[in-house]
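Below are two complexes that have subunit A in common, paired first with subunit B and then with subunit C.
Showing the complex of A and B:
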């Protein structure tokens, strides 16, 4: 059973999230090096972190009439929301706060990124940046509803919004096995709220970086960190929702949580690299015509199973 | 010390001047091997690398671009391919030097006192801040000194704000030397006007991608293998830009690496399986086809009427058809990369962008069909359309005729 952790878990959870995100960035960098024909050793894994001193040193730029307050708020929201989302994710059998509405909390934090990215696009008062911000809204319109139905499927199966209950309800059979549609849609949702890979539309290179086009230094760093933190948080959340949480033979619960999280994270990093970008106008069509009906049907399955019990 | 740490892996804004293709290729190769990321906008860059021969007509926009880089920053130029290594090394040294950065801060503070930052103009990826039209609102004070957008009727007869947004000449993954002035309403392009190509100041070289055909025209011995190699490399270069704009960074890098290896003369039998794997993976990607379907339709008939003769005319369709044509052409040339036979009259074999005729270079036709394809498209589609045609503006430069002159 999942229990709320001691005070120090409040520090440990974000620290672990940062480590997972850093691991994903390093893995991506090694794969980058291999594709580019450079040596793919440990040095390649550390290369992205050279951006840290650089970002901290960069002076702010002067822009004509930026909306500084909303811009900074928006940029800060993205990584902060990602960190806050981890409060309800159990690691092994311990979560920082095992809220009775944990799934809702996670969903609410994820929706905060909508506001964050849109404001980050709005702030610099520049066309490409603004278009990038709006692109995320269009993307949100497409990915959010299927994602919510995927979350609801898992919650319906366990008849609880408490993340710990959902993990515990999967004794014997993982939700990923008998709710595959919900699982896949959830993983796509993770890539989408991390605006990475096929869903990197708001930062498209055709817009000279979109939301990122006028972000320099720390602003750039926070947005980049935000997207990888979200990827890590999404991977961690997939474990209690669909992969039985910390349950597993021989090893302790925390080890199973870690192994499963790393596996999901690896799948996500590979997906980021293997899939080309999907433009939001095309994805909206797929999401509303195919994914929403599919996920509603998927939600029906656990509902009927519960009724029959 | 900390400055040097920050300069360990500079992000480079690669700016290509007309006639700078060879320098760009050398720079992209170097940056790939050094793992210095390519920045998409001046805000993200530390190092401004100007590739290509000096061009007086573009000095002012370059200066504005340079002002847009956040400090610490360094600016270096590589007029030719052999200057790239040294330019990059000197750029990193400047980034790490305290004196250099203090100079920049002083200079920008001075510019600020004398009437603020230089007016941001039309061009440049950062030059999007005053994309609003020249519609003055006489005397009224506007936020940041920017004027309000003018209004005009859109395609549905609604009156909407018009945004004047120039694309080029310095955009990442954009044909160097091309500038298109767009009038946007919402994200729909109402008007697209081409700016005149800007010629470089000094003596330019022949356009890089058409070189074998120009040499063959001039009666120099060129092997068919050399031409096939250059053509495949040109298609890979075009594909790398299209993939970058379409948003597939992993395959963009693969395309660039294959292109560099082809140009470096890697043996054909070693290249063939790698090229095959790449063309298969990109050609079979349903997601990429889905994302580019129905954009920028150019029928074979319409293309031929405009004088388009290359892959774009043969593909006869949308962006998807055009990149698949490139892939098919690369596959067709796989066995010919090392052919020792002499290139027959240039007419017999197509140059990368179509049949090579010095007076009517194939890229000229590609440029003429652009405005019609762009009008009515969405902003997101515009970049894909340009990248799928990928006109080589160097072919349009007058220097090319000087190369031809003795033969005529």
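Showing the complex of A and C:
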């Protein structure tokens, strides 16, 4: 059974999220180095973190008449929402706050990214940046509904919105096994709300970086951190939703949580690197014509199983 | 109601009102939209503190999506160029003042006139289930009807708004494949 943690978990959960995100960034960099034929050692892993001091020291760029307030609010929302989403994610048997509407909380925090990225695109008063923000909304309209149905499938299976209950309801058989469509759609959703890999459309090269094009220094750093934090948070949430949480033989619950989270994160990093960029207009048709009917049918499966029980 | 809840209600209720006022005093479409969003997020928090976390979180979730989409449309369709110029949310000032005063007075009067029911029995552990039963139990027919009406409205509005029909897509004999669409889709129909 999942229980709410002591006060210090409030600090530990974000710290672990940062570590996971840093690990994903380092792994991505090592794979980059290997692909480029450089040595894939610790130096390659540290390489992206050199951008940290550089970003902190960079002189900020400003175009005429930016909406600084909305810009800063938007940029802050992305990483802050990612950190807040971890409140309900159990690690082993402990969550910071195992809310009765945990799934909804995660979903609401994830949707805040919509507001954050659009504002980050709007703020600088620059065309490419604004187009980047609009692109994320187009992508959002495509990925959000299938993702919601994927979350609803897991919640329906456990007949609860409490993340701990969902993990506990998977005694014997993971939801990933008998709800594979929901699992895959959820993972695609994670890549999408992290705007990484195939869903890096809002930051596309054809837009000179899109929402990132006019972000410099700390702003750039926060947006980049936000996307990797979201990837890590999504990977951590996949474990209680679809992979049985901390359940497993021999090892303690926290160890299983960690192993499963790292495995999902590895899969996501590989997906980020392997899959080609997809335009929002193409993905929106796939999402609405194929994924929404599929995920609705997927939601029907646990509903029927629950009725038969 | 305990002290924590009361403090939380004040800390959520006052910003909700402040952002609500800002909606009518700010002069940028984007700022107005997001002031409204901030106000509604505070309202979601208030509903959560009042013991309906499901409805509270749904308000936050839905309003974020709705307001962001609304920002796009408001900026696109504002009368001045693209909603990018300074603007005001106040129109028909005298009439609006009268109507809003009357509505406000009626709602405040309602607070004091309505005989609010007291607590009967203990609070349920999880109010989500009660909210679901209240909506989906005796009101199932209403909800189903509402669902169909909403869907029919959306489909109808889209059909009325679009200039193109199936003959434009599939040709006069409906045998043209792939369909002739202005934008390429992802599934190659």
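We adopt the following convention: the second predicted complex is superposed on the first by the 309 of 309 C-alpha atoms of A that agree within 3 Å, B and C clash if a C-alpha of one lies under 4 Å from a C-alpha of the other, contacts with A are read in each partner's own complex, and residues count from 1 in each chain.
To be clear about the criterion, a contact is a pair of C-beta atoms (placed from the backbone, for glycine too) under 8 Å apart; a residue touches a chain by one contact, two chains touch by 3 or more.
Note that the structure is predicted; figures quoted are calculated from it, not measured.
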Does the superposition put A:62 against subunit B (first), subunit C (second), both, or neither? first
Please work out whether A:242 is in contact with subunit B alone, subunit C alone, both, or neither, and reply first, second, both or neither. neither
Under the stated touch criterion, which partner chain does A:282 make contact with: subunit B (first), subunit C (second), both, or neither? both
So which one touches more of the residues on subunit A, subunit B or subunit C? B
Going by the contact rule set out at the top, does A:208 touch subunit B (first), subunit C (second), both, or neither? first
After lining up the shared chain so the two structures overlap, which partner does A:112 touch, if you call subunit B first and subunit C second: first, second, both or neither? second
Just subunit B (first), just subunit C (second), both, or neither: which does A:161 touch? second
Per the contact definition in the header, classify A:51: touching subunit B only (first), subunit C only (second), both, or neither. first
For A:216, is the partner it touches subunit B (first), subunit C (second), both, or none of the two (neither)? first
Tell me which partner A:35 touches in the superposition: subunit B (first), subunit C (second), both or neither. first
Under the contact rule defined above, give the subunit A residues that sit at the interface with subunit B and also at the interface with subunit C. 278, 281-282
Quick one: which bits of subunit A touch subunit C in the complex? Just the residue numbers, please. 67, 69-70, 73, 99-101, 104-105, 107-108, 111-112, 114-115, 118-119, 122, 134, 137, 140-141, 144, 161, 278, 281-287, 289-290
Help me check something: in the complex, which residues belonging to subunit C touch subunit A? 28, 30-31, 34, 37, 53-54, 57-58, 60-61, 64-65, 67-69, 71-72, 125-126, 128, 183-187, 189
Subunit A contacts subunit B in the complex at 31-33, 35-38, 44, 47, 50-51, 53-54, 56-65, 125-128, 131, 135, 198, 200-201, 204-206, 208-209, 212-217, 220, 273-279, 281-282
Residue numbers on subunit B that touch subunit A, as the complex places them: 2-3, 5-11, 32-33, 35, 39-41, 43-44, 46, 68, 70-72, 105, 112, 117, 120, 125-126, 128-131, 143-146, 163, 165, 171-173, 187, 243-251, 253-254, 257, 285, 287-288, 290-291, 378-380, 383-384
